[in-house]
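See the structures that follow.
In the two complexes that follow, chain A is the common piece, with chain B as its partner first and chain C second.
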Partner chain A sequence: MTNEFAIITHALSKSYGKNSAVRELDLSVKLNRITAFLGRNGAGKSTTIKMLLGMIRPTCGSGAVLGGEITDTAASRNIRRRVAYVGEDKPLYAYMTVGQIVRFAKSFYPDWRSDTEKKLLYEYELPVERKVKTLSKGMRTKLALLLAFARRPDLLILDEPSEGLDPVGIEHLLRSLVTQASDGVSIFFSSHQIAEVERVADHVCILEKGRLLVDQSLDELRRSYRRIDLVFDSSIPENEFRFSNVQRIETRGRHMSVFVQSNADTVVERARRLNALSVDVSPVALRDIFLETVREEPERALV
Partner chain B sequence: MLWYKSWLETKPRFLTSLATLTLFCAVFVYHAQGLIRPEFRLDLNRLLFVNQQFLVIMWVLSVVLLGMGGIVREKAIGTTSLTLALPVGRFSLLISRIGVGVLEVIALGLVPWLAVVGVMSIVRKPFQISQVASYVVLLVAGGLVFFLMGVLVSTLVGGEYTAPALAFGVVLLVAIISDAWFRDYSVWRLVTGDLSIDRSTYLLPRHLPWLGIFGSLCFALLMMAASVFSLQRRDS
Partner chain C sequence: MGMFLKPAPDAGQPLYLQLMQQIRHAAETGALLDGDQLPSIRALADELVVSPNTIVKAYSELAHEGLLDLRHGAGAFVCVKRRTRSLADRVQASRRHIRVLIEQLREEGLFDEEIRRAFDAEMACTAETVRRR
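And then the complex of A and B:
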């Protein structure tokens, strides 16, 4: 079963004192997919990634990346050999020049692609002799991406990869991600830019307060979430639409918006029985699904 | 390449220290050679001994600074995730730092004394090369423990100012305590040559205090083991 997953975790948890950063996370990321890892700031995305790469130890639970146990020191080293990682802050050694950091990174990976390195150095207009500390944020991001793309990784883990990039850079990045995926590289990336995620991701995981709330393919998500706009001739109590699949109801006088997860027909049927003047069912953007999902969380936590 | 990284990381600190120590020794010995301090004219051996006293102070400050850095410091400046994402263990990271550091520590002990030899040759003063060699051995082999004290502190504290401040504090404390209660076992006195020098001739004996040097090296190894232990247990 592990063979079809790039990442799999079971009840993976991390606590710092009394604070839980990640709570019993059961994550499964399939191979050869682009999986988006979404969540608000402090949701536990970076902590999860750091645990997957053996940078921090889980408090409890287990996990495997490309078949290797994340808590096993030797296996973790092997995981890092096969995984390219771009961190949230695009960490780079300020005291090195662009050329030095490329040479340094290259030395750890025998299957380094020099042609890709040269191509990206040219495309990103990175000055080889310049010190990293003098680069702009965007250039640092590009350099970090070069270091990841010039390798031949089995899995690419990117934490906010488009941060600091201009629209041209973002476009280039998204195209690169699709190219990498078509070459058989599994991609697991976190981002706050949901419009970008929607363009490239096959699968979406949403984390909130350390817990996984959504783990579905983007197509499934799009199919299952619907917004139903209703108009009545008089105001209708919201209770009439409190079904288990209803996420949220907004009422403005005779107008009502119902946000449902799966089976919109129950709401449509009830609306027709209540003589709705207008029933309009429309698909929901990933951004709205994300906002709804994380908005629900405080109520769920109280249950 | 980890050694290359360690070298690039410490290069500015090392070169600045090397230039300062070398310049200090050359100028000190040149001036003391009759230009400013005529009393040294007749007592070259004493001049070398005094040079070692001053050199040790600056050398210890320099090697403690060279011991700073590593993963804990990287966590504070945000590059730790780049380093820890490399397919290498924490032990290798630490060993490469120590390896490069030891070479730099040796250079910091050797080059200033080579400058002294150069000045002596220029002003045509006779000196015993064996005495210079003895001072270098005492400084480097006996004083390696100070570098590893710096390394150990750097695996515990990551602050840009707090780590060196704590390291200097520890070194000072060790020097004061050993000087007050364990005078015959003081590493500071061992390194300056104070424990073994003949006060009438200001010559170091033919046989260096190897037992003391060995003890100091053992203490240095203990510091290294503690650093490895601390780094392996760290969760970052």
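And then the complex of A and C:
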């Protein structure tokens, strides 16, 4: 089991007083995959990531990264050697120049990829002579990414890696992620850039209020989520379409939009039987799947 | 620039399927010939900026269909057998059928956009039904 997964957690939870940041999270992230970790601000993504890296202790539950228990001190040290992490706070030595910090980092890692280092210094247009403290936010992000990518880790954990990057920077980042994946690096990253995630991720996890609501391959999501727009000659009760695969129904008079998580044909067949004047089936972009997923939650909580 | 387009992430179809269609189409039209070598997984993933797993899946599915020959360590080679050519003929024939149908629908007063939407709806519907079996 453990050698199939880069990350695995069982009922992993973290609360601060009465507030639970992460609730009984069962996460399994496969090796050799690009996995995106989505969620609104405050959903518990960073807390989860920090628990995985041994930076904060879970309140209860357990987890393993690359086979090492996250709460075991020795194992956690080993994890941090094999995992490269870029988070919101980038602890870079402000007084060093870009060139110095690269040479400094290099001295710690025997597997350091000089080719990656040179390629990214050029691609990210990082000024080697400049001091870290004079770099813009985007530049610091790029530098932190370069240091992570050149280490040749087994697992990359990135918390909002595209934060502060311009569109060109984001494109370079995506390209680097793909190259890393080709080198056999497993990638787990959180992001709000859903359109970008949609291009490169193999698998998507959506966290909302500390709970995992979606844990699926992007191929399955693309294949199964559909929006079906229906027009009838008179208004039709929504009850006709309350199947288990239906996530939400929107009715405006004789027009009805039905969002399904799978099997759009059940809805299409029913609509035909009800003599729908028009039936349009269209795919749903990841952004809308995300919005639908996080929208549903408060209603569910009220029940 | 390479010969393949970046797949559309929001097209409601897995990226590997879109890539398979592009490769199949290239083989049917003769843009790819028997024995041609496809880019390596790494090169194509970099070029299209998609996960390498997408390329792996497309190549291995096509190898399963017999359109590609995956030679270990050497790469992926196009293998246009008679079946592919007869497929190309069938595709040509099907286009003739579709042309006749479209003309007929136009004569019945439908606009192109309406025909296209009807086509999409039927395709989506039958594809879902077939998949469920």
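Keep in mind that, in the parts below, the second predicted complex is superposed on the first by the 295 of 303 C-alpha atoms of A that agree within 3 Å, B and C clash if a C-alpha of one lies under 4 Å from a C-alpha of the other, contacts with A are read in each partner's own complex, and residues count from 1 in each chain.
We take it that a residue touches a chain if its C-beta (ideal position, glycine included) is under 8 Å from a C-beta of that chain, and two chains touch if they have at least 3 such contacts.
This structure is a prediction, so every number in the text was calculated from the model and none was measured.
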{"item": "Touched partner set for A:Asn78, first chain B, second chain C, both or neither", "value": "first"}
{"item": "Partner chain in contact with A:Ser257 - chain B first, chain C second, else both or neither", "value": "neither"}
{"item": "First, second, both or neither for A:Gln193, with chain B first and chain C second", "value": "neither"}
{"item": "Touched partner set for A:Gln247, first chain B, second chain C, both or neither", "value": "neither"}
{"item": "First, second, both or neither for A:Val268, with chain B first and chain C second", "value": "second"}
{"item": "Chain B versus chain C as contact partner of A:Asp202, first or second or both or neither", "value": "second"}
{"item": "Touching partner for A:Asp280 - first (chain B), second (chain C), both, neither", "value": "second"}
{"item": "Interface residues of chain A shared between complexes with chain B and chain C", "value": "none"}
{"item": "In the complex, chain A residues that touch chain C", "value": "32-34, 171, 174-175, 178-179, 181-182, 195, 198-202, 218-219, 222-223, 225-226, 263-265, 268, 279-286"}
{"item": "Contact footprint of chain B on chain A as seen in their complex", "value": "50, 53-57, 73, 77-78, 80-81, 83, 85, 87-89, 91-96, 100, 103-104, 107-109"}
{"item": "Complex contact set, residues of chain B against chain A", "value": "1, 4-5, 8-9, 11-12, 77-82, 84-89, 235-236"}
{"item": "Chain A partner contacts - residues on chain C that touch it in the complex", "value": "9-16, 41-42, 45-46, 49-54, 117, 120-121, 124-125, 128-129, 131-132"}
